[in-house]
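These notes open a run of structures that come right after.
Below, chain A partners chain B and then partners chain C, in two separate complexes.
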Partner chain A sequence: MSTTTTRGVAQPAPAQASKPRPRRGLRASSTFNFWLFTGPFLIGLIIFVFVPIGWSVWLSFFEARFTVTPSEFVGFENYRQVLTDEDFLNSLVTFTVFAAFIVPATWAMSLGLALLVNRLRFMRAFFRSVFFLPTAVSYVAASLIWKMSLFNGVRFGLANTVIGWFGVDNIAWLASPDPPWYWLVIVTVRLWLQSGFFMILFLAALQNIPRELYEAASIDGAKPGWQTFRHITLPQLRATSTAVILLLLIAAYQAFDEFYNLLTKATWGQPPLVELYKMALGENQNYGAGSAGAVVLTVLICVVTLLQGKIMGFGRGEESK
Partner chain B sequence: MTITAPDIDKAAKPVKVKRGGVIGNTGLYIATGIAALLFLIPFYLIVRNALMTDPEITGEEWKWFPTAIQWGNITEPFNDVTVDFARSLWNSVVVAVLHTAGILLICSMAGYGLARIPYRHANKVFYAVLVTLMVPTAVTFVPSFVLVSSLGWVDSYRGLIIPGLFSGFTCFLFRQYFLGFPKELEEAARVDGLGYWGAYWRVVVPNSLNFFAAIATITFINGWNAFLWPLVIGQDPSAWTVQVALSSYMTNQTVNYHLIFMATAISILPLIFVFLFLQRWLVQGIAQTGIKG
Partner chain C sequence: MSASSNMNWDRRNVLRAAMGLAAAGGLAACGGNTGRSGGSGDALVQYFHAYGEAGVEQAVKRYAKAYKDANVATQWITGSNFEQKLFAALLTKNAPDVFEFHPQIQLIKSGQVADLTDIVEPVKDDFNQADIKSHTVDGKIYGVRMIDDPQFFFYRPSMFEKAKVEVPTTLEELIEAADKLTTSKVKGAFLGNELTAFQHNVIWSAGADTLTADNKPAFNTDGVAEGLKQLRGLFTSGNLLLGAPADWWDPSAFTQGLTAMQWCGMWAMPVMQKALGDDIGIFPFPKIGSAGKESVYNGGWSMFVNAKGKNVEAAKEYVKWLWIDQKEHQEDFATSYGFHIPPRTSLAQSATKLKSGLPAEGVKLFNEFGHFDNIGWTQAMIASFNDVMANSVRKNGDPKAQLAACEKKVNAELKKLFG
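After this line comes the complex of A and B, so read on.
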């Protein structure tokens, strides 16, 4: 545990006046060193992050199909096109519904797993590893298992085999939007893949809760179980919960892999990134509209993130500790 | 968002509460056990399907075990003519390794510079990095593709690797870490006559290997599992990574179940190894950073 050792090594009295003696040329040398260290990163950041963003904004005002050299200035036409495109608007609805399902579900599941694992007295490392293991699996591989073996529309999929034991007919899980069984498939893939990761965060937070709090509560007559959970554990996890929810929301916004792979031929349940992919790299290769869509999406994400930060008081929980 | 990392393995014993005894404990283990089984089923299905024949997989009767384990299936993805699986595996190895090495080098240096080297405009630079955290990288794939294709980097390792190296997030994590690094160690190095550069490589980095290992593990997993960008860049099958190859199996006309699942198993195996060997750092790193790339 080097982080703890390195931290442990040096906790002497706050080093007063330990600033290096002012020397001639020191300022110049630290300026040089600053750029030596951060320069490569910043150059890359400008070229591969800032330039694409700027380019995107610029392209979004032009007609640009099949080519990245824009031909004609069209003003807000691309935006109008994107914002009246039914598929794109539907994708925003899809995202909202998806987030409304997956964020609370993953929050509850990862917290539940953390509570379970945290109570174990032996084999704790084993169970933690089991729940954490799916983190190693890609969305593509997981989609493959879900689509071809778990939720296959015919009998040999595990889900249909199991419901068959109870005399229920096969369900075509992914093949139709009504009833929306595909939703179950989409949500369970992500639950399986990401719960273990967030469980680790909750485990870490659970172990940071001072035991005295529980002792005090038990002296005050709080019944262990729901009462302690409600009045001690949950409030103590506030900062972590906020961070987890924010991360889950951002991750949900970026959903692409499992939708692309599970609903390849479907026209329903497409999230924004899949629509953008189709728009810019599909048959029409409409970079102008694709860029406008990217701008709209970026603005939306920023607004949602900021709002959520405001509502949940992101960061406040930690500072007030 | 930094969360101090307790050592989860040696964590304090669960709080003793007046409760349960043998029955409560058994219930706890039964619940955990059932959850664990559910989590393991998908892994089991990969292995089962990979080692079965197609008629057995798609047969009338569900079989938990193959009647005869088909070890011969192991070579099948490599003999498949429609997808060059070996090539895609190799591409993934190259991309994930260089991606990880590059990110560690570039982002750690930048994080150190931002955390430790006094410079008048350091704050402005830091804000510029923070701004990029607000813009999700997945959204910029359209303009990034436009840029990379105009550089002529489509279907190349450069295109697959370089744009992903400048992660504002990893830089931010390194900065936070270096802010907590004991100054005294570096000052000792400075007294001994080392400049920033020397102190960084000879004192700071060697004393931060655990943190580097944690970030490396997370970065490697993300690099190996990345899909959207490799899909965009890999227009030609020769530039496919293993994830793109797997995805292409799903849209193929003919479905060859045992081959697909064997390929999936092979694609997951390296990560399971990384996972089992480096889990300590991985857990620690996640608990510390709270973030997946």
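After this line comes the complex of A and C, so read on.
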């Protein structure tokens, strides 16, 4: 880090002769600089995150149908309604199933992609970009492509064409909850959309592993391949893995777009946010109960995150390993 | 890293911060486009759902442009959840002044839609009386019907002939026909991807109704349960087209030969006739059980004025101008793109395109078997019956238990509406 310091000192200050308190004043006022740089972000955070959270906590204690400025205080009635609502409780089960599929699958897939791309000797930038590109695609657009061209129920849909080669009958992937083929559609679309992003995180982490470790291992007789991966690469990726799993879990909790677009008018496979949307923004317009559900969900996410941090040691840093 | 080294200013950092702020400012400037043009008092916004037929959007905008007394902006709402977008928008300051929807009493009870009796009353006798009835609450008329859209089955007579199948009049016959018509390339029937489009017909064809005359649930009968059970059999038979890229309201599955029968609306006739010529027939939803009767759903769209809008009077004037006075626009709207039945009796009688052939048969089914919307049957009730279809036809739920659960929800809604 010495370079920064040297540069800062060595560099001549910008010409500010006309001002009465030049460089020294600015430099001394670290509080001012702090607020200058964090201020805009903080204002956005307060307006778009904290105020809505506060408002929704407030709403959750009111009878708020067809209004967001209610007057009838109902105490914990909305919480009682949400916590006894079978649909909402089922949505938590749906979430758990979804997370059980998507978190390990994305973790493995993005790590695999990162390992592959990392080994490339040429065209690495090309493949890195190709795998990263889906991150820029909207979830809604991707869901519609999955629904209408890849996994539609007619004989010329891509998935049905492929299984047709093996003499398997057409499947209406999204029509029926039994067998639950819809999970295949939902998991693959999310896998495609988010693997690239996490691949980049793993790639950065892989490139941070010191070469010497591999050399030392090789001298000690470790075979390249699985043994090296298991005992060198994987432990070195621990911090990144923890962060990736945490981000994946939160993203899974927030899943909405693909479920909403793929499972129209279904009563199965509805994650918490879809249920809350129906409650607050659908036909019912019950903002009180919807807010209570949102608060319950927020608390759940916090608890899970803290627990996960405790178990996997997130934020403990490299030293404590 | 020492703390002080963090706080150093250099030109590059200052520049970066400045550019960041500029970019943020640019972003903040976006998002102000609400479709309104400035503060003029007579700027109106109208909401339309996206009609599938080519040319409708242009026509709606053309009519709006021809109106001289106000500047009418049209928002064309694509996607399958028009009602949710509409309901959410109505709560905000950017709510439309004029919007199309179906007659539903919660909009009236909550004071959302304006009383249009004064503009409809003078021409009341020229409307289909069923349409007037479905828009009337306590003697006041709350919307102007634009089009009536009968919905029924379309079938391919050539395929029926080949498979030696007669036009079905009972649900059993329909299921049997679907089985005989299914080949490796063609499915017997297409009832929509979600199997909810015809949900009211299941009720009517079984001899029941959505609500009684005094607004009590009337759909929870053994006949309806039996119909749901039979439909579950059809769903699992492999003879239904499911997961089609274009849903039931679009004629693609039918015109592309993916199915021998399709539940659709009269609006799709022009496209079907162009693709298939005379090889098209229609029949109502067949009857369920011995107490049943065949049924057609006379859906459609109506214009409403947002009573909480800023320009209620101007909006009423516009609705009167277009949907009461401008008969040539009304006829153009009803017959130039898709086929719809004009709710104005005089127009329905003079509309030559509906006088012969398949459209005339459609009009006949509309008159003979049609059921209109019940204003007391609201979106929340429709949504809870969607769940009945999902749970007892697509999922293997017990129809009777599902109907009972739905009845409970509908009763709760009715209690909120009527006390």
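Quick note on the criterion: the second predicted complex is superposed on the first by the 267 of 321 C-alpha atoms of A that agree within 3 Å, B and C clash if a C-alpha of one lies under 4 Å from a C-alpha of the other, contacts with A are read in each partner's own complex, and residues count from 1 in each chain.
Here is the rule we use: contacts are C-beta pairs under 8 Å (C-beta built on N, C-alpha and C of every residue); 3 or more make two chains touch, one makes a residue touch a chain.
Because the structure is a prediction, the values reported are computed rather than measured.
J.: Based on the superposed arrangement, let me know which partner A:P40 touches: chain B (first), chain C (second), both, or neither?
T.: Touch status of A:P40: both partners.
J.: With the two structures laid over each other on chain A, which partner does A:V303 touch: chain B (first), chain C (second), both, or neither?
T.: neither
J.: Determine, under the contact definition given at the top, whether A:S30 touches first (chain B), second (chain C), both, or neither.
T.: In the superposition, A:S30 contacts both chain B and chain C.
J.: In the superposed arrangement, which partner chain does A:W173 touch: chain B (first), chain C (second), both, or neither?
T.: second
J.: Which holds for A:F66: it touches chain B only (first), chain C only (second), both, or neither?
T.: In the superposed model, A:F66 contacts chain C only, not chain B.
J.: Counting only touches as set out at the top, which of chain B and chain C does A:T267 meet: first, second, both, neither?
T.: Second partner only, chain C.
J.: Taking the superposition as given, does A:G282 touch the first partner, chain B, the second, chain C, both, or neither?
T.: second
J.: Which partner reaches more residues of chain A, chain B or chain C?
T.: Residues of chain A touched, chain B against chain C: more for B.
J.: With the two structures laid over each other on chain A, which partner does A:M148 touch: chain B (first), chain C (second), both, or neither?
T.: Both partners, chain B and chain C.
J.: Just to be sure I follow: which residues of chain A are touched by chain B in one complex and then by chain C in the other one?
T.: After superposing on chain A, chain A residues 1, 4, 7, 30, 33, 36-37, 40, 68, 148-149, 154-155, 264, 281 contact both chain B and chain C.
J.: Quick check: in the complex, which residue numbers of chain A touch chain B?
T.: It comes out as residues 1-4, 6-7, 9-10, 12, 15, 18, 20, 29-31, 33-38, 40-42, 44-45, 47-53, 55-56, 59, 68, 113, 116-121, 125, 127-150, 154-156, 158, 161, 192, 196-197, 200-201, 203-205, 207-208, 211, 214, 218, 224-225, 228, 240, 243, 247, 250-251, 253-254, 256-257, 260-261, 264, 273, 276-277, 280-281, 287, 290-291, 293-294, 297-298, 301-302, 305, 315, 318.
J.: Which residues, counting only chain A, touch chain C once they are in their complex?
T.: 1, 4-5, 7-8, 11, 13-14, 23, 26-27, 30, 33, 36-37, 40, 66-68, 148-149, 151-155, 157, 169, 172-178, 264-268, 281-285
J.: For chain C, which residues count as touching chain A in their complex?
T.: 1-5, 7-11, 14, 17, 20-21, 24, 80, 83-84, 87-88, 91, 110, 185, 193-194, 196, 235, 238, 241-245, 253, 258, 378-380, 382-383, 386-387, 389-391, 394-396
J.: Contact residues on chain B for chain A in the complex?
T.: Interface residues on the chain B side: 1, 3-9, 11-15, 17-19, 25, 28-29, 31-32, 35-36, 39-43, 45-46, 49, 57-60, 62, 106-107, 109-110, 112-114, 117-120, 122, 125, 128-129, 132, 134-147, 149-150, 162-163, 165-166, 168, 171, 180-185, 187, 190, 195-197, 200, 207-211, 221, 224-225, 227-228, 231-232, 243, 246-247, 249-251, 255, 257, 260-261, 264, 267-268, 271-272, 274-275, 279, 283-284, 286-288, 290-292.
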